[in-house]
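Please read through the structure below; I'll follow up with questions.
Going in written order, the chains are labelled A, B, C and D, and every chain counts its residues from 1.
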Amino acid sequence: MAKGFRQKIRQKNTENSGFGDNASGRFINKDGLPNVTRKGVNIFNRFSWYHTMLDLSTFQFLSYLVIAYVLVNLFFAFIYYLIGVEHLTGIDKSDPVNEFIDVFFFSSQTFTTVGYGRIAPVGFMASLVATFEAFLGLLTFAIATGLFYGRFSRPRAYLKFSDIAVISPFKGGSALMFRLAPFKNNALTDADVIVSAAIEVIENSVPKSNFYTLKTQLNKINTLALNWTVVHKIDEESPFYGFSEEDFKNTDIEIIVHLRAFDEVFSNTVVQRCSYISKEIIYGAKFTPMYYPDKENLSTVLDLDKINDYQKADLPMMMEEK
Amino acid sequence: MAKGFRQKIRQKNTENSGFGDNASGRFINKDGLPNVTRKGVNIFNRFSWYHTMLDLSTFQFLSYLVIAYVLVNLFFAFIYYLIGVEHLTGIDKSDPVNEFIDVFFFSSQTFTTVGYGRIAPVGFMASLVATFEAFLGLLTFAIATGLFYGRFSRPRAYLKFSDIAVISPFKGGSALMFRLAPFKNNALTDADVIVSAAIEVIENSVPKSNFYTLKTQLNKINTLALNWTVVHKIDEESPFYGFSEEDFKNTDIEIIVHLRAFDEVFSNTVVQRCSYISKEIIYGAKFTPMYYPDKENLSTVLDLDKINDYQKADLPMMMEEK
Amino acid sequence: MAKGFRQKIRQKNTENSGFGDNASGRFINKDGLPNVTRKGVNIFNRFSWYHTMLDLSTFQFLSYLVIAYVLVNLFFAFIYYLIGVEHLTGIDKSDPVNEFIDVFFFSSQTFTTVGYGRIAPVGFMASLVATFEAFLGLLTFAIATGLFYGRFSRPRAYLKFSDIAVISPFKGGSALMFRLAPFKNNALTDADVIVSAAIEVIENSVPKSNFYTLKTQLNKINTLALNWTVVHKIDEESPFYGFSEEDFKNTDIEIIVHLRAFDEVFSNTVVQRCSYISKEIIYGAKFTPMYYPDKENLSTVLDLDKINDYQKADLPMMMEEK
Amino acid sequence: MAKGFRQKIRQKNTENSGFGDNASGRFINKDGLPNVTRKGVNIFNRFSWYHTMLDLSTFQFLSYLVIAYVLVNLFFAFIYYLIGVEHLTGIDKSDPVNEFIDVFFFSSQTFTTVGYGRIAPVGFMASLVATFEAFLGLLTFAIATGLFYGRFSRPRAYLKFSDIAVISPFKGGSALMFRLAPFKNNALTDADVIVSAAIEVIENSVPKSNFYTLKTQLNKINTLALNWTVVHKIDEESPFYGFSEEDFKNTDIEIIVHLRAFDEVFSNTVVQRCSYISKEIIYGAKFTPMYYPDKENLSTVLDLDKINDYQKADLPMMMEEK
């Protein structure tokens, strides 16, 4: 809590951040999602299962599919067993366990529509359930097809942001910098970035977050092929003007980054967000280059592992509060 | 019907609402669709069955699929029965009902391509029909796959609007307010809102709806994570300037809200509309907060069940017609 | 050919129409596509088969699928027949025709993956071909699924344009008008229209098409729920200023309309084009209303069959060539 | 390397190209992708397999599918063989090779869900593996469906650029020109083009690429139906002002073209890039027409094979360095 900071900041704060001024904790989580918990509304209505399925990791998603497959087959095996194994031909009736095993596999052969026919329904009830199960199987795989497509066709920016932001010397003064780079074989163009800062101030002895838009040297890049170092010069128009190293440490600051670009494979706009809080901002440092010409001098090599590499750099003295 | 209101409203009305000035009833239904009935054109051409399938509830959609499945199988069972059960192997020929039942299940095993083979076609006609039915089955599930994907990948805003709008005290005057909040686990950014009002006036003794654009305090929000209270200050530029509680009650008013945002999962623009008519506007009330810090003060909790909560609030006296 | 018209038109023509000034015939066909034939490039590269499949009518599309299904099965039946029917179990070997019929149905049962098993491959070659055919069958239905989805999820405006444009009396002068209306259960918002005119003039005794942008009274509509009559006032800024009935008849004119809107179901921008040539422009006529309140006065009825209804209307005298 | 060129260029260079000033080799490859190699990050994370699958040629894509199909079946055949052929009915046990062949075909019949049933699993292990294989098969075809749809629904501009750019006489001076034309049956509208130039200059005796935006006569075309010749007039605002034929030859120049249009079938924005380096620029040449009226004068014919046709054309003398 940095008392009295309100006086230092001359820039007008913005009110359309979408965050309340008494929201708690970090605003944007490191994964880019807002740090908000929702309550109320029926729980089934509060989740979009499609959004949820798209947000699962590949491993989780496949695991859920396998588990669902086993459960569905257990369920139908149980029903066929209740109806009676005498309504299925070719069942191994040596003992109940074998019966259940055969009935389980009959279910899976029906659900996947393999239908070898070694085991086949003969009675009305068994046939009816099998008819329904095969139908359900096809619908399930229709849904799975949609989910797979939804998952991998989902437009994403595939950008790597540096874990840290730095306060670097810049054109005789200082600047807040962070960088980002595309890390996959996608082609991004027309990238633009919006950077804002949430700074906690004491107003009428109540802590309160004010939002400020940070001007950047460039806010549009034609082709996002190499890394992009976003630079916010700390001049008189910056809310950080006059901040000392201690001020950066002791104030609740959150730098919120919103990047938008056009992906040429998806032919769609993609967005990615990131945020830096006080402890992720390094004072007096500058990034070291992360790309270089290849050996034959015919192409450029971008080394993504160097995205966080920086070196110490002395900042010019700043006069606080003229 | 408020006679003479035309004189009170100084703001110029807009003409590009897309609604005629002698259209009847509510303009926008509470579900956001225009209140218009279409006639003429061949009925098959007047409906996009794809739009219709996407607008069905999940329950209706699944019911239709099951019904279609049963009907198709009955239809094909009937055809196989006409061709003759002697062209199918493995049929239970004990009586006509059993024959039909077996033929029905053969149909379903063909349509779903399970094809156990316990019952299989042997003659030319039965084989031909089965060949066609299996083909039709696959195409049907191809279409179902598309419909499922279309249904759940359909970009939607998932916004909850307050059921009511309120006339609240605001900065020494009054303002029309309503609020909205995202209720699912989707992430909306770059939201903007366009608010207009349809007000019925008497012109040359004919009632007529005029449309006005309402200015809002903010019309853009960066991140739609919490609720958003949209505020239209009733000042001299507002068509509601000088309206008394009775005027709000007795005039045919419709507030039409059009919200647009960018959904980061769908990477698509989503829109949602809402409208408030006279009886849904509460005079002299203000919304109570619907979000608060969580217990550990690390996150913000948004309580969606409180979206309609308001309390009485006295409005300042307004001078009518200076 | 109207000689000397160049002098009459004062408006500057535009050069970014994308059409050359010596292109021939109508520019935009009545279905909205440019009237251009392409030549050169390998014929396989000159067509996007996906665009072609999407442009087929439903009947054509389904017919092609059925024909392809029959041809593929004939092809594979022929191959199995060459390999020898002794490599398939359950074949009716009474005569070559029956053999071929059974082999054909085996092919279809494999391609659709029904696989009853009454006929099944036993030798290496027959099994290998069946293995490949089943694989091909699944890929084919994967492609069909994509085509079905592509066809019905393809964003389209579903707008009906009036077949004719009229020159109507308007605010003491005259105006060129045409109208359009959505005819399906889709919801269009934010519609905007761009109208241009191609007028043939004689320059240095060579006929040449000049393009002009036509100003419209409104070029944006918020909600496209009812019909929209697009109005281009023929004033001094219009290229048609001073045109007499004969001028409209005798000059090669083409009005090109380009409409863009946002479809809320597809959440996508949709476009539709239309064009009117000289003989589709009626001089001295005005459209009659095509919507009216319903009986209970609770909704508006839009009668799409009336879109071309007009009545004669006298135009004010215009001074030609001041 | 053209020493001293820095002085000749008066236009201010831009800094938002997204390319570093010491990147090596061509910036944009002839296929439109940036000439950058990425390093670092786990190799599995550095590639989007979906982007990769979409970029494959149709032949490569289908080959990979067939290879995967064979490998999967070999893998499962091996497992069934290990479990023991006695757990499968109907296997030809005459010798191990025949056993393996039958087991391989059983695997393929399971993976594709054909399931003739001539060979069918009877033991627990064989049934379990078959249950899993059928499930995997369906998921694989679900993924294949998505890939097929992703591949052919991927919005693409289908534009052919001329292989060369020319320096042509233009309005008493000279201009850099290149042209492009849509070569498929797609309909592009609202096309706009951004042209920039990378010119290598020597600054402080270090070679360095500066980027310049090139103004074009038209940068927007309503309907991209015919070819479009993009014209950059070389006037005092052009970085090429005063360049002689030798200057064009001896300087490292790269003209980077970024075209955006709206495809009416995909209802999506499509982009295509192209670049021209020094040796692809022909000095003193002009393009010859590539479209003409058809025989009946009712349509326009666009001959795509003529896109590179040009003829020599003398350029007016230019004064270098006034």
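Here is the rule we use: a residue touches a chain if its C-beta (ideal position, glycine included) is under 8 Å from a C-beta of that chain, and two chains touch if they have at least 3 such contacts.
Computed from a prediction, not measured in an experiment: that's the story for all the values here.
Colleague: Spell out the chains that contact chain B while also contacting chain C.
Modeller: Of all the chains present, those in contact with both chain B and chain C are A, D.
Colleague: For chain A versus chain B, which are copies of one sequence, does the interface use mostly the same residue numbers on each side, meaning over half shared, or is it different?
Modeller: Different, since under half the interface numbering is common to both chains.
Colleague: Comparing B-D against C-D, which pair counts more contacting C-beta pairs?
Modeller: C-D
Colleague: Using mean Cα positions as chain centres, tell me which chain lies farthest from chain D.
Modeller: B
Colleague: What rotation angle, rounded to the nearest 5 degrees, superposes the C-alpha atoms of chain A onto those of its identical copy chain D?
Modeller: 90
Colleague: Could you please state the distance in Å, as a whole number, between where the Cα atoms of chain C are centred and where those of chain D are centred?
Modeller: Those two chain centres are 28 Å apart.
Colleague: Please compute the C-alpha centroid of chain B, do the same for chain D, then give the distance between them in whole Å.
Modeller: 39
Colleague: Any chance you could list the residues of chain A touching two or more other chains?
Modeller: Within chain A, the residues that touch at least two other chains are 113-117, 145, 149, 268.
Colleague: Flag every residue of chain C that touches chain B in the complex, lowest number first.
Modeller: Residues in contact with chain B: 65-66, 69, 73, 92, 101-102, 105, 108-109, 112-118, 141, 144-145, 148-149, 152-153, 158, 160, 183-187, 189, 191, 218, 220-226, 228, 262, 264-265, 267-268, 291, 293-294, 297-306.
Colleague: What does chain D use to touch chain B in their complex?
Modeller: On the chain D side, the touching residues are 113, 115-117, 145.
Colleague: So in the complex, the part of chain C that touches chain D is made up of which residues?
Modeller: Where chain C meets chain D, its residues are 15-20, 22-26, 28, 33-41, 45-48, 50-52, 54-55, 89, 110, 113-117, 120-122, 124, 127-128, 130-131, 134-135, 137-139, 142-143, 145-146, 149-150, 154-156, 194, 196, 258, 266, 268-271.
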